[in-house]
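Both of the next two complexes hold chain A, though its partner changes from chain B to chain C.
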Partner chain A sequence: MELMRTKLMAACAVLAISTTAAAAGTTVKIGSTNAYSGPASAYGQIGQTSAACFNWANDNKILGEDTIEFIPLDDGYSPPKTVEQTRKLVERDEVVLTFQQLGTPTNSAIHKYMNAKKVPHLFLATGASKWGDPENFPWTMGWQPPYPTEGEIYGKYLIANKPDAKVAILYQNDDYGKDYLNGFKKGLGDKADEMIVAETPYEVADPTVDSAIISFKSSGADTFFNIATPKFAAQAIRKADEIGWKPLHFLNSVSNSVGAVLKPAGLEASQDIISSGYLMDPTDPEWQDHPEFKDWLAFMDKYYPDGDKTSSFTVLGWASCQTMLDVLKRAEGDYSRDNIMEKAASIHELRVPLLLPGILIDTSPTDYYPIEAEQLMRFTGEGWERFGDIISAESE
Partner chain B sequence: MELFLQQVVSGISTGAIYACMALAVVMIYQAIHHLNFAQGEMAMFSTYIAWQLMAWGLPWGLALPLAVILSFFGGFAIERIVFKPIQNAPVLSHIVIFIALFSIFNSLAGFIWDFTIKSVASPFGEGPFMGSTLLGKHQAGMIAVTLVMLAMLWAFFQFTRVGLAMRAAAANPESARLVGIRVETMTALGWGMASAIGAVAGILIAPVVFLEPNMMLSILLYGFAGAVLGGLTNPLGAVVGGFLVGIIENLAGTYLGDVGAELKLSIALALIIVVLVMKPEGLFGRKIVQRV
Partner chain C sequence: MTDIAHTDHRNPGLTAPAYRPADAPRRRLLSGGNIVTLLVLALLISIPIYSKGFFVFQMTQMLVYAIAVLGLNLLTGINGQFSLGHSAFYAIGAYTCAILVELGGVNYMLTIPIAGIVAFGFGFLFAFPALRLEGLYLALATFALAVATPQLLKLHAIEQWTGGVQGIVMFQDTFDVPVPFGLDMDPGVWTFYLTLFVFAVVYVLAMALVKSRTGRAMMAIRDNPIAARSMGISLPYYKATAFGVSALVTGIAGALNAIVIKFVAPDSFTFFFAILILVGMVIGGVGWLQGCLIGGLAMLYLPNIAEIFDNVVLWFAGLFGFADLLPSGNALQQQFIRLSGVIYGVILVLFIYVAPSGAGGLIRAIVSRVKRLTS
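This part shows the complex of A and B:
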């Protein structure tokens, strides 16, 4: 008992010291939710990288005397839990903004709430198109290239390189799948109806997508757009190989992880698949001497040594945190919600570390999609090889 | 025509998945007269055990029987530890525990082996079966194993004393006890066997759908549909039912256009309802007459 009291007092003392230390400048409270437990917990690394990044920013006085207090909470990728945690952040912790909340269904659950409360809901870790709707939801902004943009890029590539393609499309029957599908059709333009010979939805509850792949082969399609989450994407890749169907295969970036999708599906079966990216791949030897990459490695070693240095999640966490820091820097001490939102919606040609060279971030009061360019890549041997120029689908 | 044939064959090979699972469902139904909602998750867990044994370097021939035996004792133990104390409790208590087991196995597997998909090598090898493009070696093997399991089960119930005792214990526990059958042991044995069959099913299914904690979720549902369609009291019926569900699902998905593809799962559920309303004993089941 006595020991406990002493400990408690010591803890209070430490707390008191840290508050006085922070009192020199303003403290910016930033909230976030991520899946730190449950089925999607691999994504938790994104949030952990950001937490480490804000510590780095405080130590390096990126905001001068002002400090950032980052409050990450776990929602286990469950929308009701996201609502609960977000309300806690907004109403009890009184955060100025929330940053990089993970997931489409989870963010959908708080979309209206954040806008009704007028709390900046920034740089979400999801690619759904609905985060770029400033007219109806002026407080919500995504970050990564939206799914339709990626779909559009594949469509444009086909028109330019294989205009007589016969395309079969497998898509998940929800917002995410339809986002990709619509973007792809937009990229094909007037020729969409003529070029698409089969489009089949699947449900997440389906055991396999084998039946769809068999139908695709007999439909005579020579091009395949695989809009599926990792398990189904891998099934489709393997089934196509098994039945000897060898189309020009586009794989959505949601499932282009080598370790989680292509290896289980079989590297042999995955050769020549085309996908796209916008971040530097940490396993690509080309970047090992790049100054931004070296900075990131040094940061990881010091602030997040347990983090996976081969994963795109830690790269994404760092790049999106840097975007946030830029917005806060430009707020120049005025951390009101209005000012932060205004600064977030006026990013002009910002270069953020670890984006592929040539990709810049641009936003405006009518353009809530920060990143809208990607580069195509082809799976060769055991890794992705980028080819062609950066393709932009920047909205006007 | 080629498309039709391919879809039927592919339906049969998916149907084999459901048939395996339906067998485990029938097994447990024979033993306890309930459907075990955790059956799929138990099978998934057994599959992880097999995968882990192989990851440790054991060959197929050793890992598979070992996993099946472990699952048998696991199922036996679950009955002893969890269900024996509540054997006289109302059905609802049993259902609550089924659901609890479901959730425990699911999270436990995710916690131990994480949620990313793992590929499981097929014991029958890769590639097409006898040069046909319709059927893979694994699919052919799976169908064969399902049929062998079916024959073994049938023989077990038909010709062995234990099988007969188990049937008696399930059909009429009181009378069975009076003629000297140890009803509780029989129930536990039923659990062990169902769990072992589930393990075989899981290990056969994993190479097709990839191993992950949620892999059995919808498969169990289709398995139920197969078992109900064929008759919950008849292993042969369950297997035929499983194959039928696979074929119906594929054909509906292919020929009913968008509607079919979007409603594949609903088709399985609709089947359950139609059969239960029109012919509750299933296509091959026997009518259960209760003497009062």
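This part shows the complex of A and C:
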């Protein structure tokens, strides 16, 4: 073991010498963990895109003479492995911060550690609401719209457009489901108790959600909020169609993939479903000529040629990496942990490429939710059609 | 196996430990094996003296894994029963510890034996229906256990104890493991020594078990169940005991894991972890308990193999001056991490090719060759 360590140290030393000789600027070490192996490895594309993005940033001198050394490690979506890998990043590699670590259980395992060590734990790739708690966890910040925000947007839409709705809610019985549910109720405000006529949880282990849908129909509900992961969301859409229940249907963005959910459920059955989004959909013809989209395509061709150009993961990777680069740019050479955290908590109306037009990133020492706006969209024909304004739930 | 022959045909009235044939060599206290054991122990004890926090943490993890490998090896290597479900017993140990510490306010050190006893209960009970199953069928039944465990832990009915998908964060208030007896020691170093102590105790007891009457009965069942039965060995009793003891050891590892990681969640104990323990056991050597440390090292480093590979290639590049030919740092790592599954697989296949009976077999082969050369 020791021999191995010595070898590694030698390797590091050689590297260090060669890099200091090559560049005059400082090197910013950024660590990350993602599921590059195991059952959740599809998410690995997010980290791959970021790695490519930092290469792009170094080549294009985004930080001037300073360069970024990005250290992505594999945790296989296993929380103990995340702890090990994160400690390796912080204690051995001495990274300045960690960026875009993937997953709710995995980040939960290091939440305390990062805050005890006072290491910026930034722009996590998970939508749980607990990443925006600056009072108790001042070193942890999420990135994507938290689930409750999205629920709240549907609730507000309903109050404005169908205040006498009778709502049935199907939700997954865990953090994620309850986050959406709470946000939705917050959006409905005082009328929540009156409007919600049925509220049924399901377990991930359940074979189907058919019985819930049948009971929703008989409850007389005319509005349906579908808080389910892809498989169950598709079942619910299909069952509702089969039994001839035609409610105003809200589908959480977790399951608004056309290929994975709506096609299996049946495009006919999916018409007029309402969902929301915050990123440009790379398959939407509307964006093909957008300058930000073209930049992204050029980047993908050069730096990540075998990445999937139709996947939202590669879009997300690019957009969140750009957020990180903005924070580093504004740090102006002072890459101390305090300064980086301060800059991350003072992003003011930042436009990041590939977010839907009109969505801006905003944070403050009391607001640790960078993106809190989304746009509603309706499924028409074979794709989503965005409608209405960007709806923001930005906390005051 | 020779032990069994010694016991019975010559002097059936005596039990094994009391009887030693007159012509057998006396066991020397400083035999080669004992010296190696002491050296390894000394090496382990000295780890915190010459290394930093992270390496100590990794070695603590390694010891925890080594205990789990030892547990599985007692079942598979000694008793010949297959299990793809040891992640379940590991989870039971971890959750017992976490729930007792966080909800019961029990001292975390006390939860280690309790976790072992609870896991023993589960293992023993699980063994009874499983006893009817042999070989592949038993592997399937335990596989089902491993797959079901994370889902069961998420069940709503027990969420108030298990914390559901959220899991349980331990040592909420102090963050670090409390160091007892007013010792002035780094919590990480203390956890390492605690784990090492538990490992040593479990290891000594496991070795004693294997050498005892019960251990020989278990091995007899492994080697020839029909012969064992005709010699009066109760198959159900010994098989269930082997299952229970194996679960007990694995449960202890689980409890230590909870203390070291300070967090338990259903996703920590998936079927893939059960496979990882199995891989650790095969690499260490099936039936060779000493191999558990090597198995623990394999469990720790194999999943990181792509990174290690990356570093090794960089080191060679630096040494032989072809660094310029490689893609720049980030891009290279990207390539390796993409291939991590392939590298893992290739290394595993190479290992099985070089050492078909694990590290144990390899070491024994080397030792016997050296002996032949020197004599």
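To be clear about the criterion, the second predicted complex is superposed on the first by the 374 of 396 C-alpha atoms of A that agree within 3 Å, B and C clash if a C-alpha of one lies under 4 Å from a C-alpha of the other, contacts with A are read in each partner's own complex, and residues count from 1 in each chain.
Methods note: a contact is a pair of C-beta atoms (placed from the backbone, for glycine too) under 8 Å apart; a residue touches a chain by one contact, two chains touch by 3 or more.
Everything quoted here is computed from the prediction, not taken from an experiment.
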item	value
When chain B and chain C are modelled together on chain A, clash or fit	clash
Touched partner set for A:Lys118, first chain B, second chain C, both or neither	neither
Which partner, chain B or chain C, touches more chain A residues	C
Which of chain B and chain C A:Asp74 touches, first, second, both or neither	second
Touching partner for A:Glu84 - first (chain B), second (chain C), both, neither	second
Contacts of A:Arg351 with chain B and chain C, given as first, second, both or neither	neither
Chain B versus chain C as contact partner of A:Glu203, first or second or both or neither	both
Touched partner set for A:Asn55, first chain B, second chain C, both or neither	second
First (chain B), second (chain C), both or neither touched by A:Glu242	first
Which superposed partner A:Lys302 touches (first chain B, second chain C, both, neither)	neither
Which of chain B and chain C A:Gly38 touches, first, second, both or neither	both
Overlapping contact positions on chain A, where the chain C interface meets the chain B interface	38-39, 173, 201, 203, 205
Residues of chain A touching chain C in the complex	1, 4-5, 7-8, 10-11, 14-15, 18-19, 36-39, 44, 48, 51-52, 54-55, 58, 68-74, 76-81, 83-85, 87-88, 91-92, 104-106, 108-109, 111-113, 116, 173-176, 201, 203-205
Residue numbers on chain C that touch chain A, as the complex places them	52-55, 57-58, 61, 151, 154-156, 164-167, 169, 172, 175-176, 257, 261-263, 265-268, 270, 272-273, 297, 303-304, 306-308, 311-312, 314-315, 318-319, 323, 328-331, 333-334, 337-338, 340-341, 344
Interfacial residue positions of chain A with respect to chain B in the complex	38-42, 173, 200-203, 205-208, 210-212, 214-215, 218, 230-231, 234-235, 242-244, 259-261, 263-266
Of chain B, residues touching chain A in the complex	2-3, 6-7, 10-11, 13-14, 17, 110, 114-119, 127-128, 133, 136, 205, 208-210, 212-215, 217-219, 221-222, 249-250, 253-254, 258, 261-262, 264-265
